[in-house]
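The letters A, B, C and D name the chains in turn, as written, and every chain counts its residues from 1.
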């Protein structure tokens, strides 16, 4: 049985290391904040200018001057801090943010990512995604393994305009956890509960590297 | 102290002419200079190049200028939250230059800081990097990005004094400080305008040297784009 | 919040080894990390490369490290306020790299901000520009300067919280914020250490993300280098 | 009768324009702050991190955390603001500071300045001088016309290592006010009270351009 969005987020949350600063993109990545393992302290950065982002406010307590990069009203935890956009991307570009989790339309076996533009469709812009993927040491892509047409989003080469090259280190989908090897290729690390290696092979178009034993995720 | 107080948004915007390049602070609808945008609507200047992270919504923020076709070109990182923008862009009436958000912020700061160009890894290998100089540092390819400057930078702050010193609130700070540095003339609209000495000199975000005109905004709607809340019952 | 509190200067300086590159905040004797400097004296690490705007005086600041010959190289904009420095420099024991003050500050900030290099007009046509790439922007020649990074950056702030957020006082801010950004490990010593939530999130100068270790300094002498006063009789 | 240091400062103060931000170097330039003309509001920037610098503090009220770039204890005027070194030089490099006044050892007829290094002598460093002269639109040099050996400090070419090239716009000395022309040359604008054109010619080694009538300064 493949994972739902919350399952993907929960699996990614297992990657968090105590003391990390983390930037979560819009969509599935945002859900990661709901699954922080016990005993782990991390701080969430939102690139519009806050560190120490808290949950959504109570109804009636929302503040127009306090939003996240998705333009949603948020709260600030004790110890939070606000800063300008130039300082915010200094944190990102300077690799002070240890982990970036973001969604993607396509990921290639050499770590390229495409997630901002579909030729012929209305282009909204890359926002902070190009800075994030070009900078972070740790980039985890959170996405469904295939698109709505059932085609693999894990490819030999991206067909869409790129957001960044050679940058994704790990991909967590509804079917599997894969590491992208420095020499290229998706190395299968874990299967979603009840998902077979065959199912994953079938859903992956890029080079998939499969060891004899592929453990099932423990969520 | 040098007194930079003007009495209204219209007075602050005096000298803004059709064809000029403007920077406008804000992220989404948060921390945008609402009062000056209204003045620009009233002034009907057009053919503007607007450098702003976003382009407002149909009936608020830069959307108001788009509706009157006052904008020739947008330089932004993320746009299209409004239909009129989409229509003008697809029909080719509106030119759009999309820039990675961090590069946009740093290019504004660089403009204000007298740094004409700098290297960044953002956009390398993508269409943003096309035609730009590439150089490797520490084994990693970077592209050369140029500074941005504007005829007028228009920012919104929480508190200010008549010497032009500004303090922002929460995440309404965003692009306002780097853009305040990069205007040949910088206009600040504030919610509260005080006398020099009333702001703690340790807590000023934008030193007055970067600001040429300041006024107390007549009205701040501060519209919320995505109201996300949790109910207390939970 | 992530707790970064350590109990002493010695604990904060753990891991600093001979041969490393350190950044030390301060301008003259103002805003220098006195407690960590004492710890380095005690630790007797040597062959250090110290990036600091100045080099202290004979019996205070970096002068204390010079006296014990712990510094191999100084990277500064203005030095020589102490005799031992002059002696070591003239005898060739001490290597000195002089950098324009603005370029020094910006090179530290750039290091912390992931900008590997930038163009500046400062130093063009002088020996500072020798061997550096020259490029014209807007008809004015600029030179390419590289970012600076340090194994440890050591800064001094007024107030801090255990999450590493820092607030500086007066002109004791100076090089501390850009250097805080540029340390692989950044140590902050503060006069007052509080719990997260006690500092106004709008007024923090250095966000905690840049700081890995923080402690309350045992003692701050805060020596004045040039006491200039007017007498009340006047 | 040539001017003393205060006279030079007083003459330079006449150049101030209402609304300007000004950076004053150490020595004679510092004295300019004592002679601001009535009705003129200017703010002084000190590159270590203050705008709105006030006079020295009263005895006993000095604060170790409040100094100027000469490391002297100072006060802050109402409306002053503190900032870090990187922001400070953003103001300078970005030409937000309208006027820089600084001393010099030598100035050449094409606007080069040397004021930081004497070969063979202890070198203390350039501090912020190279940033200041490379950036400001308006640079006025305040200095004595000749050095202690009686030799002119206004030369065809500087003999000492340069601080900046092609940057000085005006020189005010104990003998004269001179503009440096874009095509090169010191154009004599004013004589110090009681100083003759001949005295100035004699004390100047670089190209001096003298019109028929050279007015005396009005101090």
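As a convention for this text, a residue touches a chain if its C-beta (ideal position, glycine included) is under 8 Å from a C-beta of that chain, and two chains touch if they have at least 3 such contacts.
Everything numeric in this text was worked out from a predicted model, so none of it was measured.
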Item to check | Least step count from chain B to chain D, where 1 means the two chains touch | outcome: 1
Checklist entry - Which chains are shared contacts of chain A and chain B? => result C
Checklist outcome for this item: A student comparing A-C to C-D should find more C-beta pairs in contact for C-D
Checklist entry - How many angstrom between the C-alpha centroids of chain C and chain A? => result 36
Checklist entry - If you average the CA atoms of chain C and of chain D, how many Å lie between those two points? => result 28
Item to check | Cα-centroid distance, chain A relative to chain D, in whole angstrom | outcome: 55
Checklist entry - In whole angstrom, how far does the Cα centroid of chain B sit from the Cα centroid of chain C? => result 32
Checklist outcome for this item: Check: chain A positions touching at least 2 other chains come out as 76, 82-83, 89, 92-93, 135
Item to check | Junction residues of chain C, two or more chains touched | outcome: 106, 109, 113-115, 120-121, 168-170, 201-202
Checklist outcome for this item: Every touching pair of chains is listed here as A-B, A-C, B-C, B-D, C-D
Checklist entry - Across the complex, what residues on chain A touch chain C? => result 18-19, 21, 41-43, 45, 51-52, 76-83, 87, 89-97, 135
Next on the checklist: Help me check something: in the complex, which residues belonging to chain C touch chain B?
Outcome noted: 106, 110, 113-121, 135, 137-138, 142, 167-170, 201-203
Checklist outcome for this item: The chain A residues in contact with chain B across the complex are 46-50, 55-74, 76, 82-86, 88-89, 92-93, 112, 122-131, 134-135, 161-166
Checklist entry - Inside the complex, what are the residues of chain C that reach chain A? => result 1-3, 109, 111-115, 161-163, 165, 181, 195-197, 199, 201-202, 204, 207-210
Checklist entry - chain D touches which residues of chain C in the complex? => result 27-31, 53, 76-81, 86, 89-90, 96, 98, 100-106, 108-109, 120-128, 158, 168-178, 205, 222-232
